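Some structures are shown below for you to check.
Consider the two complexes below, in which chain A is the common component and chain B and chain C are the respective partners.
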Partner chain A sequence: MAITEITLMLMRGIKVTLIVLVLSIILSSLIALIAGLSRVYHNKLLTGFTGFYVEIFRGTSLIVQLFWFSYALPGLFNIHLGSDIWVAVLAISLNYGAYMSEIVRGAILSVPQGQTEASIALNLTRFQRMRHIIVPQAIRMMLPEYGNYLIQILKATSLVSLIGLTDLLYYGNIYRSTHLTEAPTVYMIILLLYFLLALPLIGFTRKMEKVAKKGVVHG
Partner chain B sequence: MTWSWDVFINVIPIIFKGLWITVGLTIACYLFAMIFGFFWVFMSRIPWRPVNWLFRWIAEFIRSTPPLVQLFFIYYAWPAIPVIGVTLNPFVAAILGLGIHFSTYTSEVYRSGIESVDKGQWEASTALNLSTAQKWRHIILPQAIPPTIPMLGNYLIIMFKEVPLASTIGVVAMLHLANDYGAQYYKYVEPLTVVALFFLLLSYPSALLIGRLEKKYNRRFDKKTATL
Partner chain C sequence: MEEPIVQYKNIRKSFGDVEVLKGINLDIMPGEKVALIGPSGSGKTTIIRLLMTLEQPTGGIIEVNGENLWLMQNKKNELVEADDKHLRKIRGDIGMVFQHFNLFPHMTILENCMLAPTIVKKKDKADVKKTALEMLDKVGLSDKVDLYPSQLSGGQKQRVAMARALMMRPKVMLFDEVTSALDPELVGEVLEVIRDLAKAGDMAMILVTHEMDFALDIADRVLFLNEGTIEEEGHPTEILVNPKSERLKDFLTRFTNSR
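On to the complex of A and B.
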């Protein structure tokens, strides 16, 4: 049957989609944490540099960045990452890292001032204050937004076929080009597969919305 | 391949021609998303659970799957569907695809605006015997929409940055022109840099403007609560 045949064909691409997704989530979260913390750190040079990075990557489009990286890295800078998967992961992570650093910054700034004052009074070092007092409280506040961005990253992974990676959409396009009348089935199955991947992330986001609301005292 | 300033200067006017198409397409997609957003709000307010539930999941489905695949579906798959299938030109396909995708976001914005209207306002309009149309037109919407303007503005900027997806189905805007130039002269980095700069040039000031709008609205609400 056509549906099983198409699904089997698409399964060959799901590995690349998943690899790009997982690596991008890890790398973008790291970038977001570092950039977000740098922006609230009291150092003009560091704050200025990360601010510049964030505005550049948020101000231009991901698809343009993806193409730019895939041509500029090997051509202009002579950097070869070994596989285009890393180019895609780098572009997606730098882009979403910039967006997500804003939620890190926002969450840290929203921790009440009294918490900082109390930890200074308790003679904690600046690192201890961040590690034990501010960040644990901030993380809970940023989780729902974080979940939303994970879904955005999943959607962004569909772009990697444009720079020649053999992901879900790539195999779908190949199949469509030889079976034109089956195009509706092909793209519907692709959309359903993406939705299946998104479901746990949607569930995570909903759950975190509840966690973030629970037992918070505003003041 | 080395960076060439000559190429950089040369491609600026070429890419500039595509800028207006990108901006025009953004506005068209955005208007579509703004109007179609009300459709989801309307459907979620039909007082019959199965319909509510169905449309909520359809919206969730569209929101959490890639707009690129949706674009391909509308452009490549729609014509192959029997009876209702029609071949669309790339522009119309892009407006439909991106418009429908983002309408699921604008509908959430509308919903949050409507929910933020005080319950007393609904009760008062019922007490004043206003018809459903009058209630929405004169009481609810005038209060629900203005606070959402900064959020809607943010989505305009986000949409602007998603519009280059349309180049994949053959809309000749900035990104497409850059790739064409690259294919012709094997110079990709310069035209792509110009495209990125144009995006930055338009989206950064708009983001600042919306930040100021946000502050203005927040201040207004602060004042209101302060005098209450």
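On to the complex of A and C.
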């Protein structure tokens, strides 16, 4: 059966797709949190630097960034980022971290001023204010949009075949190149597999929308 | 002679081009209850926000226990702007209750009360919990401790806010129009708690309020503010029953008529 054969072939690529996805989610979330916090921190140098980073990575395309990290940096400066997987994870994380830092920043700024004032009145330090009052409330507000970005990151992982990573799409293309007539079946199964991978992320986003609507997680 | 716990010395405050405080001199004695009244925009809220370090004065000196709040001496003995550490040391004696409660919505009532003593004063968690439960019992909320602020009425929220502020054992407590955001039928329960606190004695209180009868009842002294200056001050009966200045008479008449 062609369908079983194709699916088995594609399964060999799912591992790479998943690894890139999970690592990119972790790294981009960290980058987003740090960059988002830096942009609301009252320090011109820090704010300026992160602002520059965000605009550079938002303003250029992810494919070009992938090629840069993969081919241009090693050629120009002799910088080698290690394995291709790390190149891919780094490019995707820096790109999406830049976008996501904006939602972190927006959420932090949208926590009412009264919360800061109450924390000052209770004599919390700046760090304690952020850690216990502002960030927990900001995270709650930004979760629905965060979920959306996770789905986008999944879709972005399909670009990594362009720098030679053997992911889901890569194996699909390989199969198609030797079985030209089965192209529709191959790409139908690829679509389906990506959708299956996205389902938990979609579920997460839905759930977070409910949480954010309530404003407070009960219990 | 007892020393004042708080002193305002020629305090000025401008927001942009607007000067809202034009040289305030004010001494608060330990345990004294002072009510600030006056039309909106007269600067009464700004006075207490300066003491809570939520705003910085444009001129003048505020002292708490004889220590300068907004200025400190650096290593060369020069007077410089206070840093966060200095502000935190001085404002530890001050607490505040806000018009809009400002409870932490992501924490239960009990957690709201326990947070600051645990992480700021680094007290033992079990002890803090015991005190918090006692405090919440005092304000009549012992059956609500595990609820979230969104599940409470305005009056209940404000009573939690008071319990939370009291947990830090301030020597001076500031009340910023604490009943203004409440439905009329909920005002009484909040005033009652404040009255109990006032009767209990040793904590100084500065209340910005529109509740004249209440001010008359609990305050040792009433200050009438108008356009950034203290227009008249004295014993509550003196101010509220026998006002001297035309502006104060005006204010009180308009106030009574509007009720």
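One rule holds in what follows: the second predicted complex is superposed on the first by the 214 of 219 C-alpha atoms of A that agree within 3 Å, B and C clash if a C-alpha of one lies under 4 Å from a C-alpha of the other, contacts with A are read in each partner's own complex, and residues count from 1 in each chain.
The rule is simple: a contact is a pair of C-beta atoms (placed from the backbone, for glycine too) under 8 Å apart; a residue touches a chain by one contact, two chains touch by 3 or more.
A quick note: this is a predicted structure, and the numbers were derived from the prediction, not measured.
After superposition onto chain A, the modelled positions of chain B and chain C are compatible, with room for both. Contacts of A:Thr181 after superposition on the shared chain: chain B is touched, whereas chain C is not. Between chain B and chain C, B touches the greater number of residues of chain A. Contacts of A:Ile133 after superposition on the shared chain: chain C is touched, whereas chain B is not.
Within the superposed three-chain model, A:Ile202 lies in touch with chain B and out of touch with chain C [touch as defined at top]. Contacts of A:Ile190 after superposition: chain B is touched, whereas chain C is not reached.
In the overlay built on the shared chain, the residue A:Ile120 is in contact with chain C alone; chain B does not reach it. In the superposition on chain A, A:Ile26 contacts neither chain B nor chain C. In the superposition on chain A, A:Ala2 makes contact with neither chain B nor chain C.
The overlay of the two complexes leaves chain B and chain C separated by a minimum Cα distance of 21 Å. Judged by the document's definition of touching, no chain A residue lies at the interface with chain B and also at the interface with chain C. On the side of chain B, the complex with chain A involves touching residues 1-3, 60-61, 64-70, 72-73, 76-78, 80-81, 160-165, 168, 175, 178-179, 182, 188-189, 192-193, 195-196, 199-200, 203-204, 207. The residues of chain C lying in touch with chain A in their complex are 52-54, 84, 88, 91-92, 94-96, 98, 100, 102-106, 115-116, 119-120, 148-150, 164-165, 168.
Taken in their complex, chain A has these residues touching chain B: 55-56, 58-65, 67-68, 71-72, 75-76, 151, 154-159, 162, 169, 172-173, 176, 180-184, 186-188, 190-191, 194-195, 198, 201-202.
Those residues of chain A that touch chain C in the shared complex are 112, 114-115, 117-118, 120-126, 128, 132-133, 136-137, 140, 215-218.
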